[in-house]
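Listed after this line are the structures, all set down as structure tokens.
In the two complexes below, subunit A is the common chain; its partner is subunit B in one and subunit C in the other.
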Partner chain A sequence: MPNDLNQTQVSVVASQPLDQLKRGGAKIKRKKTRDYHELHPVVNTIFSVLLGIFTIMCVFPFIYVIIISLTSEESIVRNGFQIIPAEWSTDAYRYLWNVKDQLLGSYGVTILITVVGTVISVLMISFYAYAISRPQFKYRRFFTFLAFFTMLFSGGLVPTYIVVTQFLGLKNTIWALILPLVMNAFYIIIMRTFFMKSVSESILESARIDGASEWRIFFQIVFPLSLPGIATIALFSTLGYWNDWFTALLYIDDPKLVPLQALLMKIEANLEFMKQNVDVGLMQQSLFDTLPQDSAKMAMVVIATLPIAVSYPFFQKYFISGLTIGGVKE
Partner chain B sequence: MKKIVSDIYKNRIWLLMVLPGTIWLLLFSYLPMFGQVLAFKKFRIDPDGFFASVMHSEWVGWENFKYLFSTNDALVITRNTILYNLVFIVLGLVAAVATAILLSELVNKRLSKVYQTGMLFPHFISWVIGSYFVFTFLSSDRGLLNNVLGWFHIDAVSWYSEPQYWPYIIIFMSIWKGVGYGSIVYLASIVGIDRTYYEAAMIDGASKWKQIKHVTLPMLKPLMIILTIMNIGRIFNSDFGLFYQVPRDSGALYPVTNVIDTFVYRGLMTLGDIGMSTAAGLYQSAVGFILVMITNYIVRKVDNESALF
Partner chain C sequence: MKKKLVLLLALVLSIGTILAACSSKDSSTSDKGGKDGQPYEIKWYTIGTPQKDTDKVFAEVNKYLKEKINATVKMQQIDWGDWAQKSQVMINAGEPFDIIFTNGTDYVQNAQKGAFVAIDDLLNKEGKDLKNAVNPALLEGNRINGKIYGVPTNKEAARQTVYTFNKRLVDKYKFDLTKVKTLEDLEPMLKTIKENESGITPMATFKAYLPYDYTFNNEMPFAFPIEGDRDHVVNQFDTDLAMSTFKTMHSYYKAGYLKEDAATSKDSWPMDVENWFVRMGDSQPYADLLWSRSAKYDVVSVPAEEPTTFNDSVSGSIQAISATSKNPKKAMEFLNLLNTDSYLRNLVDKGIEGVHYKKNDDGTIEDLPARIDKYNIPTYSIGNFFVLDLYKDDPKDKWDKFKEFNEAAKPAPTLGFHFDSDPVRSEIASITNISKEFYPALATGSVDPEKYLPKYNKKLKEAGLDKVLNEIQKQFDDWKGKQK
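This part shows the complex of A and B:
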């Protein structure tokens, strides 16, 4: 042990100016040899456990929902939602397979709006942001302000609702799920900053001298150069569409156009309704008996969440790099 | 005149690029802004279309606002919105920065990565899914919480009809969903701090705590200020799903879960009272706008570099 201490001191002596030796040396004497960039092992353990508990709190609900979806309905009625169920069962999934038409339909709607929406969104945002990032564009200040102002002052829910339903007539159309989420001033400003930083004027100038048109420059030079930024916007957009239920809540009544997240809300209401009317007739009673109520709901939650849960650890990297794209400053 | 035409011609490619976005902004942002005028009108649908409806509706002045503020609702929703947001801003900031610092200091970097991935999960799910997660814990007859209470022979609580617990549940859920994202934003900034600052601090004998206090936190200050201004600017807005889906739209909980956004939504969809809902929405937009301007002005006076614009 004394040996260890000596070594530490030697290395400290070597790396410190003389006048600080006393102070630094006195502090270090109490500790054992280790990397001083690191936390004390005890503190490190405490922090690891604390963060570990919080991490488990973040992912546990999903695991819990998976377990409930695999619990037999009888067991749920008798024991409630157990972490280790008394009786396992795949009835919920079998039941969902029987009503798969609506489920697949909603899955289709969600995938369609996610793909179409993301493509339109990325194109429109990057065109707009690229134009206002170029010094040659004379009116860039005006158009930057036009986008930026919408971050400060919003039109509000009711006027937007009236515009979408009465002026644009989008109620109960697939476009009502796509168009309202296409643009977002915040993303425009982020992308503008990104284009300013990552696409230098000199590269574009040489392409212009070579006779490339602005469109060609955009798709063959700017787009590939800005891929990290564009991937981030695409990711935000994809998530926005996949998780959207609010526009469906406002604009969609037609069961054929209900996206997955909204279906989850509706299923809830339908099952509640059936539960309340359970005494109305024998017919419904028997229907109610065969319906794996809670486990089916949870199975739907699992089906709706699984694609994100398995894919996000892979795209998380882009997500994080996107966050560091830069400030939103003017 | 000739100059304007030739300017437009010279900029035609750029103008073409901003055209789709501009149309969208006009339709989905600026037209509704014009529609805010309905807050001063009694809305009536006109067969000649949207503009005719807006223009021909009867002008009622401040009537809608008077009606809105004559009820107790205006006070409750304003109080709920502001108090929740204040708590979210303060707790959210502390939790995110603290978590980011802890994550950056963990010795085992692999573990730190696993934690980051885990904590980010709630950010990627919708509040519809989130409300089911909450339900598995709070369901009065099946939920985990009442089961656990049962083990200790404590009576089951019907969570969805007891308002006194909900401020805590709402705050907890907001932190639960937001910390992963928030901490990663700060973590990215911590990683970018020049290591030589820490080396210099260590040579001066600074303990880990002192390094955090005198190097990490000051370096994070600009980011903390920017994000806080943006949050203060949105103090009149709230996460609709958190207040609508998570309490499962339970009427018994309205006193503590009704915020301006849910109030406007219910006014529109349940009551169909266009005038009053628009008034509430305009009240939200206008106060929000003034708040952003004031906070940004103050920040610019104190520390010009950190101001948003």
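This part shows the complex of A and C:
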């Protein structure tokens, strides 16, 4: 989605000088003035067509998913996926309505962990990064190395699982979905560099002279100055939390705490299991009756992505300005 | 100044600890009990989608268990698709729990690793009734290096592969199914269906059947013939039988009896869509009845092999006691009761009488809506079938037929033999990859076996087929020697 919007803007911008040229050209006696920034009309057309095709390629899968979600199951089994289905049906959405308790619950969990997780994550990462970015901090080398080390070597799945479940006792709690993703060594290093580059020592010096405490310096001076960097890691960590399903797979047994993406993965994995173990299903048909069919799966994808897809255009300009502010300021 | 920065950092580090501490309330409470006459809590992981009424049913279960064996049970289901990965991580992490569902190769590998308790002694004391109740073939088939590591579900011990037909079409064209013995016999029927029924695919995609007992699975070359020389492992793809069977399959494929994408398709051919004529499946007594019920039209099966007891048919569902269990004896007492006590077995499986099911005057039962919606437990993964109440529409002699079926079954050549693949791990890895490439295409007839089968065998040879064959034969001879 983000790409296509960009491209449509680009092509709009590119076609503007062309219009002006036509209007201007009539006045200045057919004298061909060419803007240096203008593309040759042929090239422009080719690019527009190429980008147009690319845009359609980006949007098409999503439209296809919507179409499949509105196809009747009978028609999928008989004819496979079709662009214009033989038979339309809203059964898939009726199925979703039946499981709305689980769906809404999962939505709630996802939103909660995304909001809480992002806030905690951004705070912790920027605290850590700020501390190791300041030259007067004596142990900064050690702590930088400590973070850096985890980027190269990690404990692996089983030790992580042992720490989270047995040492911290987080199994089947909402914190198991939040805490494992809170710290990210890579973001710490990015933020450290960002703090070192964009927050000059002299600003902090002047703040100290005016009598600001460390807290005040951090929240009222450093934080606003490094907003672009913070916006970036906040965006990454939001996406990380929204799309995370693996921690839920490992640490959550309670259906009430399953986030949305994990729910989707679970359904997908259950279908896969069902296909590999046909005999289990045949002996006790009712076990798998509750599993959604292809169309319902697609309907769930629609439900899960739609909010983000719809809200993205409204936030896009903040993202772009947030990400570019740093570059033009100095 | 520096001090404050250190403080800041310390704060960051401590937030994590504080947050963790806030939520660690349930970890300390879980392993209490078992002493001072307190009922011991048995933690039981099993497969299936977690159900809404599990707590309600287990409140009843626990009431009963406290009286009987002074224990309570906490059953935690793990969803079908998550099972493989999650259970493996839990076992590897040494998480403390008592009983876990396991099956097939997972059971063998985890038992060899020492993740499960060997229960031979427990079976003689706490599990005496259980040992008497379970079909000996099931227990013997699950011995690994001479020891039993889990309680198999007492159900059908044998497997019988069958050709299943759509009865409506069989009747319509008056096909004589008694003549069907092999894949070749299907030809005239497939032809008729192809010519006259446009909406029907003659063959629901299946892999051609070969009469072997597989060391790994049907995709891998290593197999012991069920008929004839049962003591020597062969490469099943290097036999005349494989060539002729795949040739037949290829001619069917060319004739359009199978879907074109048969080799790669993941289509599961759901029974309730009537778009097929013949399919292959594993049968059990009264399977046609079950299948017809779920398909909502009649199907009829013809056996492709005699019922045979295979390693994987006896290890389809096993309850193992974890090596991390604090009280294996209590766990065994519970398993013993679960497999022999009809009240408990029905309670765990069907829920509470009057809430999840109702009992008719003649002793048969019927599901109430609550059982399907809120307590739909997979029967096969819990325990003994033979103490279960029958459903209203079940045949009265259902369990007798199961027993007959088990008794009629012949043991497969390698029943009880579990190959340890460690010495030839890298060869097996590359053979697996080669097989994944060739087998689906050959077994669905998508490619010409004349051309591809020799190519396949050549690649297998290069990947170290002979080394693995020798290793299997060596271990098999060792095992066989110990049997006598």
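Following the convention adopted for this analysis, the second predicted complex is superposed on the first by the 223 of 330 C-alpha atoms of A that agree within 3 Å, B and C clash if a C-alpha of one lies under 4 Å from a C-alpha of the other, contacts with A are read in each partner's own complex, and residues count from 1 in each chain.
Simple rule for what comes next: contacts are C-beta pairs under 8 Å (C-beta built on N, C-alpha and C of every residue); 3 or more make two chains touch, one makes a residue touch a chain.
Remember, it's a predicted structure, so these values are computed and weren't measured experimentally.
More residues of subunit A are in touch with B than with the other of subunit B and subunit C.
After overlaying the two complexes on the shared chain, residue contacts for A:119 are found with neither subunit B nor subunit C.
After overlaying the two complexes on the shared chain, residue contacts for A:203 are found with neither subunit B nor subunit C. Contact with subunit B, but none with subunit C, is seen for A:54 once the two complexes are overlaid on the shared chain.
Touch criterion met: A:137 reaches subunit B and subunit C at once. By the document's definition of touching, of the two partners only subunit C reaches A:74; subunit B does not. In the superposed model, A:168 makes contact with both subunit B and subunit C. Once the two complexes are laid over each other on the shared chain, residue contacts for A:253 go to subunit C alone; subunit B is not touched.
When the two complexes are overlaid on their common chain A, residue A:266 makes contact with subunit C while staying clear of subunit B.
Overlap of the subunit B and subunit C contact sets on subunit A: residues 124, 127-128, 130-132, 134, 136-139, 143, 157-158, 161-162, 166, 168, 179, 182-183, 214, 218, 250, 265.
Listing the residues of subunit B that touch subunit A in their complex gives 7, 10-11, 13-15, 17-18, 20-22, 24-25, 27-36, 38, 43, 45, 49-51, 53, 99, 102-103, 105-108, 111, 114-122, 124-129, 132-133, 136-137, 139, 141-144, 146-147, 176, 179-180, 184-185, 188-189, 192, 198, 202-205, 207-208, 226, 233, 240-241, 245, 261, 264-265, 267-269, 274, 277-278, 281-282, 284-286, 288-289, 292-293, 308-309. Interface residues of subunit A facing subunit B in the complex, by the touch rule stated above, are 15-17, 20, 23-24, 27, 36-41, 43-44, 47-48, 50-52, 54-59, 61-62, 64-65, 68, 76, 79-83, 123-125, 127-128, 130-132, 134, 136-140, 143, 146-148, 150, 152-164, 166-168, 179-180, 182-183, 185, 188, 214-215, 218, 239, 243-246, 250, 261-262, 264-265, 294, 297-298, 301, 304-305, 308-309, 312-313, 316, 319-320, 323-324, 327-330. Residues 74, 77-78, 120, 124, 127-128, 130-132, 134, 136-139, 143, 157-158, 161-162, 165-166, 168-175, 179, 182-183, 214, 218, 249-250, 253-255, 265-275, 278-280, 282-287, 289-290 of subunit A are the ones touching subunit C in the complex.
The residues of subunit C lying in touch with subunit A in their complex are 1-2, 4-6, 8-9, 11-12, 15-16, 19-20, 22-28, 48-50, 76-83, 85-86, 89-90, 92-95, 199, 266, 268, 270-271, 273, 275, 281-282, 284, 287, 290-291, 293-294, 367, 372, 376, 378-380.
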